[in-house]
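Structures follow.
Consider the two complexes below, in which chain A is the common component and chain B and chain C are the respective partners.
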Partner chain A sequence: MKKSTWINIGFQVGALVLALLITTLLLLAAGAPPFKAYESILSGAFGSSNDLASILISWSPLLLTTAGVLITFSAGLWNIGVEGQMVLGSIFATWMLRLLQDTNLPPALIIILGIVFGMIGGALWAALAGALKTFGGVNEIFGGLGLNFVATALTIYLVFGPWKRPGVGSMSGTQPFDQKLWLPTLSNTGLSLWALGASILVVIIIYFLLRGTYFGLRLKAVGKNIKAAFLLGIPTWQYSMFAFLLCGAFVGLAGAIQVTAVYHRLLPNISNGYGFLGLLVAMLINYQAIWVLPIAFFFAALNVGGIQLQIVYKMDSSFANVLQDLLVLFVLLGQGVRERFLRKA
Partner chain B sequence: MDTILIGLAGVLAAAAPVLFAVIGETITERAGIINLSLNGTVILSAMGGFAVAYVTGNLLLGFLFGMLIGAFIAFIVAFGSITLHQSQVAVGFVLALAGRDLAYFLGVPYMNTPGPTLPTWSIPVLKDIPILGPLFFRLDIVTYLSYVVIILAWLWIFRTRSGLMLQGIGERPAAAFVRGANVNRLRYIYTVIGGAFVGLAGPAYTLNVKAGWMGTQTGLDGIGWIALAIVIFGGWNPLRAAFGAYLFSLLEWLGLVLQPSLPGIPSQVLQVAPFPLMILTLLLVNIGDAEWVQRWLASMPEGTRRVVAKILRAMRASPPAGLGVPFESE
Partner chain C sequence: MNIELRHIHKHFGKVHANDDIVLNIPSGTIQGILGENGAGKSTLMKVLSGFIQADGGDILLDGKSVVIKSPADAIRYGIGMLHQDPLDFPPMRLLDNFLLGRSGGLFPDRMTVAHDIHELAVQFDFSLDPEAYVDGLTVGERQQLEILRLLWLGARVLILDEPTTGISASQKDKLFATLRKLAAQGMTIIFVSHKLEDVEVLCHKVAVLTAGKLVGEASAPFNAKKLVEMMFGKEIPLGARHSPKPGAKVLQLHDLAVEDIRLHLANINLEVNAGEVIGVAGMEGSGQGTFIRACAGLMRPVNGHVLVNHHDLTGRSYHVFKRNGVSFMPASRMEEGLVQGLTLAEHFVLAEETQGVFIDGDKGRKLAEDRIKSFNIRGTPVSTVESLSGGNQQRALLALLRSPLSLILLEHPTRGLDIESTIYIWSKLKERCQQGTAILFISSDLEEILQYSDRVLVFFSGKVTLPLDVTSLTTAKLGELIGGMGWTKSTSGRAE
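So, the complex of A and B:
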């Protein structure tokens, strides 16, 4: 391998060590034995085959959100609205399933329609952020953030209002769908191979789209220098808009999967932070699609292990998120250090 | 009448934390740096400030610790962007998440414990002025501080030599550099100072307006993002930004007041009312620059065009020209 590759790996490992060092100090400060805590994260993540299934269940939406934001990042867009786009995917999927659940259509068709509708919902919400940017001059960061909160409010309104359970609405969500409308899962695990397969497929599509196509090249040109791209004759705003739509569709798929394969109903907190986590993963892998699969898996494992920490040590499960955040922070800062270091060398 | 006055005085007090965050960020962005970490800074300083005040029993230490947290996070933003040339947005976004997650993790021991709160302190003489007294001067010292901060920030930016330099390093860093300004050092200083003000926002919540730390139930998630939007709404001017913060606080209060008359709507829905409003105001502030609006304007009859253009210009706000752009002296 080239020397620069080794330096690169060295910095990534250094960032991980630094992040672990600080989280160790945090654990000490919080009064938990650090090694036992890490052990419980590990055993929480890999202790049984059920744990592995849990990781794969959260791997799937994370793959989709990461793949989605890789497209918008390529177009130079900070799609913070990804969280809300996932929520809209869930809402639209639930909507379609509710509409069709009492008809005589074959269940498989209803599920497929629900998923497609979820993708449309995500794409529409993303298009709204895109339109606000393109036609209203509203930075996508703020437009997206605002729309995230609106999406959450919409979910709460639906769960407590028009779609509430018979009796009284509650935070536990809408009435679960009939089992025939569940995406088939592996026995006793809740893991849907369909969902997992679709997510991996999307990552592969994105990899080749961004790497090997004319479209991907032009999209990156728009992201690197929008003025130059425009002067070269690339229809820039159409490309930005398309990036939003594509990202929204994939993220909407993640939301639809949460409804059809995981929860079988609409919940107030259905996006579960996967959108922001996808942004973090994309930053961590420096926007290189080839690394999506392993790094998203690592993050999913941390998420699952973090829950164990909460059970055993009565700590907030946000510990795993702290580790993820710090890791990304140190990788970012490490990139800066490396660039200075290599420039001087 | 009295109940309305008390309600409005509550609006002023409730706006204080947002004001600190908005003024702090305005100062930072004036210098050309975006500190996107606000949401994390507010939540972490809210937790940290409360924890210190709870442990030491000293309110002042709580507020100072909040400022320290804000300054430290802002320093990371400055270091990452100025010294290490990384994207300000990326570093700020990660810190926005890190601050929040860290607060929820470290704050567990202090959850739902009654801690010290800021006492009400009416200003002698001023409190007896009819209407203005009960409205402005029967609150607490932090709210009074928020009035002072608005005015001082405005004076500093627009009425002092240093303020002129501050505007210079944000608008045209190269020109300021030629004039002898150490652009990047000043950017460091203003980022850290701005961050310290943002860090005042957290304790202003947990030690005063929304007393106590309740983990994710504290209800501060999102405030930082709103504050960032208000900075834009305020056109990077402390006075207009203060107006935005008061407007936000007023709308929140109206939401609470109107809640009972809108029984069909869950309270969580009204709580997010600021966000569509945020999008709307940003739209109003920016839309005058959009190409299609310009074309539409050009097609209007002369009289109408002048009026519409005037309205658009009044709402318009453009950022410092050097905002988010790294500066290299060589």
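So, the complex of A and C:
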């Protein structure tokens, strides 16, 4: 292997060690025995086949959000709005299911329409951020952030307002759909192979799209140098918009899956942070689509294992997120340091 | 304040931007600094004002050797620089701009400062409102603001970099009056310009820089011919040329008017024939960049028409121009021309017509290999563009042009390149001309203009000459026109 490859690996390992070190210090400060805590995360994640199913349930939306942000990242866009786009996917899917649940249409068709509608919802919300950026000059970070809040507010309004359960609205969401409108799942696990298969398929599509197509190459050119891309004859703003639309559709699919396969209703916190987590995974893998599957799996496992911390040590389950965040932070820091290091060398 | 520059040296990589500059400027003098683009004027002024540090040499202020580490340092020594693009904060009030440059004090005393501004403004007959916002001011007023601010900060040396670009005639008169008044009070004024006219009326002394060296000094009254000769060197003999056959008209401009923040160019009429080369001369920022972008559809003209191959494309986008056989090559290769991080092969694939959805990697590599060979690029298909040298980047840009083309628009096609690359690039461009492509190029290199053009347009301060036949021009004549002299009815089509 080349020397630079070794240096790269060195920096990644260093980042992991540092992240673990700081997490350990935090665990000590919080009064939890660190090694036992790590052990409980591990056993929480891989202790039983049920745990594995939980990881896979968590993996699927994370794959989709990561795949989505890879597209917008390639186009040089910081699509912070993924979270809201996923929420809109859930809202639109719920909307369609509510509209059709009392009709005589075959349930499979209703589910499919719900999912497609969810993808449209995500794409529209992303297009809004894109239009604000392209035509209104609003930076997509601010536009996306603002739209995230709007999406959350909209969910809460729907859950407590027009779509509230019979009687009184509650944080536990809307009235669950009839079981015939549930995406089929493996027995006793809640894991939908359809959702999982679709998510993996999307990652594979993104991988080839970004790697071997004119579309992907042009998107990269737009992302890396929009002026030069324009002079090379690429319709730049159209490509930016298309990146938003595509990302929104995939992220909307994640939202629709949460409704049709996992919760079977609309919840105030339906997106569960998967949008932001997808951004983190994309940053951690330095936007290389080939690493999406394993790294997203690792993050999903940390999410699931983190729940154990809460059960065993009465700690907040988001402690696993601290480890995730620190990891990304140190990897990014490592990249910066490495660049300076290589420039000097 | 007396300024002495002793043996100043500054290198940028291989370029010797300041080569042993020795210059004395006594107190109360208005010192002109003349030179072409890239002659080292700005470098020298940046050294004096603390923006950059010299590699060697001394700066003496009133006989004392000083080390100027930063612009803040410079102003402490009493040296203030007025930049070509005003370094102010447009969304803020005048008063805040004043307060920003001053150190100390958590709570600035706005009242006193507003009073100071008012007093200074009255002294120089400027009408500036301390509470007004900077973005509402004209370039001339922002300049006045900067001058007042520097004086208020205690400047006793004022350096002005191309201060007469983009300001009105009355503002210029006021500026000159102010500078004369300040000089009479014992201040030292350094006036950097390429406008011979301005230097002639204003300066007491002038120093001419060429290629980093101080090539001559003169005192008022000046001999303009001699200054031009010092700036641009001796006459160069022109090689034999074939005059192009009058071919089809590929580009027609009718009463074109374009604008940027500083300049307004109007009534440009031009017809470019197939196979013809038009050179565009002028000091940087005289409007030629805006003009060439308007010819490419990258800038919307405010008036008039642009016709490509007899199709009226006025107001259409660059992509429409491109489909009609126009290509634009920008001066900033890495900023606008090439995509950092992508390989040569990827660039060639992007530049060609799309075929299907998937990229044929082998075909792309083959294409890249062919182009690399025929354009003599030192690189491989998988080399990223930023790993190439400047000359090779320029060849790559040239290799990206599609065939056939009606018109190629180039900004500084050979800037920063060595002789070998320059000759190579022009041989490739001339090949295109043989095939009927017309070329319109901007250059600040007079030799290049005279060597390769059939006709020449000269830009000066928002004015354009009629297309001048290159055989009627000499280096001296061109140099004068660029400096704003010798503009008669026959050159500009308008009485001066």
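By definition in this document, the second predicted complex is superposed on the first by the 345 of 345 C-alpha atoms of A that agree within 3 Å, B and C clash if a C-alpha of one lies under 4 Å from a C-alpha of the other, contacts with A are read in each partner's own complex, and residues count from 1 in each chain.
Going forward, a contact is a pair of C-beta atoms (placed from the backbone, for glycine too) under 8 Å apart; a residue touches a chain by one contact, two chains touch by 3 or more.
Values in this document were obtained by computation on a predicted structure and should not be read as measured data.
When both complexes are overlaid on chain A, chain B and chain C end up clashing with each other. When the shared chain is aligned, chain B comes close enough to touch A:A30, but chain C does not. Residue contacts after overlaying the shared chain place A:W78 against chain B, while chain C stays out of touching range.
Of the two partner chains placed by superposition, only chain B is touched by A:I156; chain C is not. In the superposition on chain A, A:R218 makes contact with chain C only, not with chain B. In the superposition on chain A, A:L279 makes contact with chain B only, not with chain C.
More residues of chain A lie in contact with B than with the other chain of the pair chain B and chain C. After overlaying the two complexes on the shared chain, residue contacts for A:K227 are found with chain C alone; chain B is out of touch. Interface of chain B with chain A (complex): residues 36, 76, 79-80, 83-87, 89-91, 93-95, 97-98, 100-102, 104-109, 215, 222, 225, 228-229, 232, 264-266, 268-269, 271-272, 275-276, 278-279, 282-283, 286-287, 289-290, 292. Of all the residues in chain C, the ones that touch chain A in their complex are 318-319, 322, 328, 330, 335-342, 346-347, 349-351, 354, 356-359, 361, 400. Taken in their complex, chain A has these residues touching chain B: 26, 29-30, 78, 80, 132, 135-139, 141-143, 145-147, 149-150, 152-153, 156-157, 160-161, 276, 279-280, 283, 314-316, 318-319, 321-322, 325-326, 328-329, 332-333, 335-337, 339-340.
Residues of chain A that touch chain C in their complex: 212-215, 217-218, 220-221, 224-225, 227-235.
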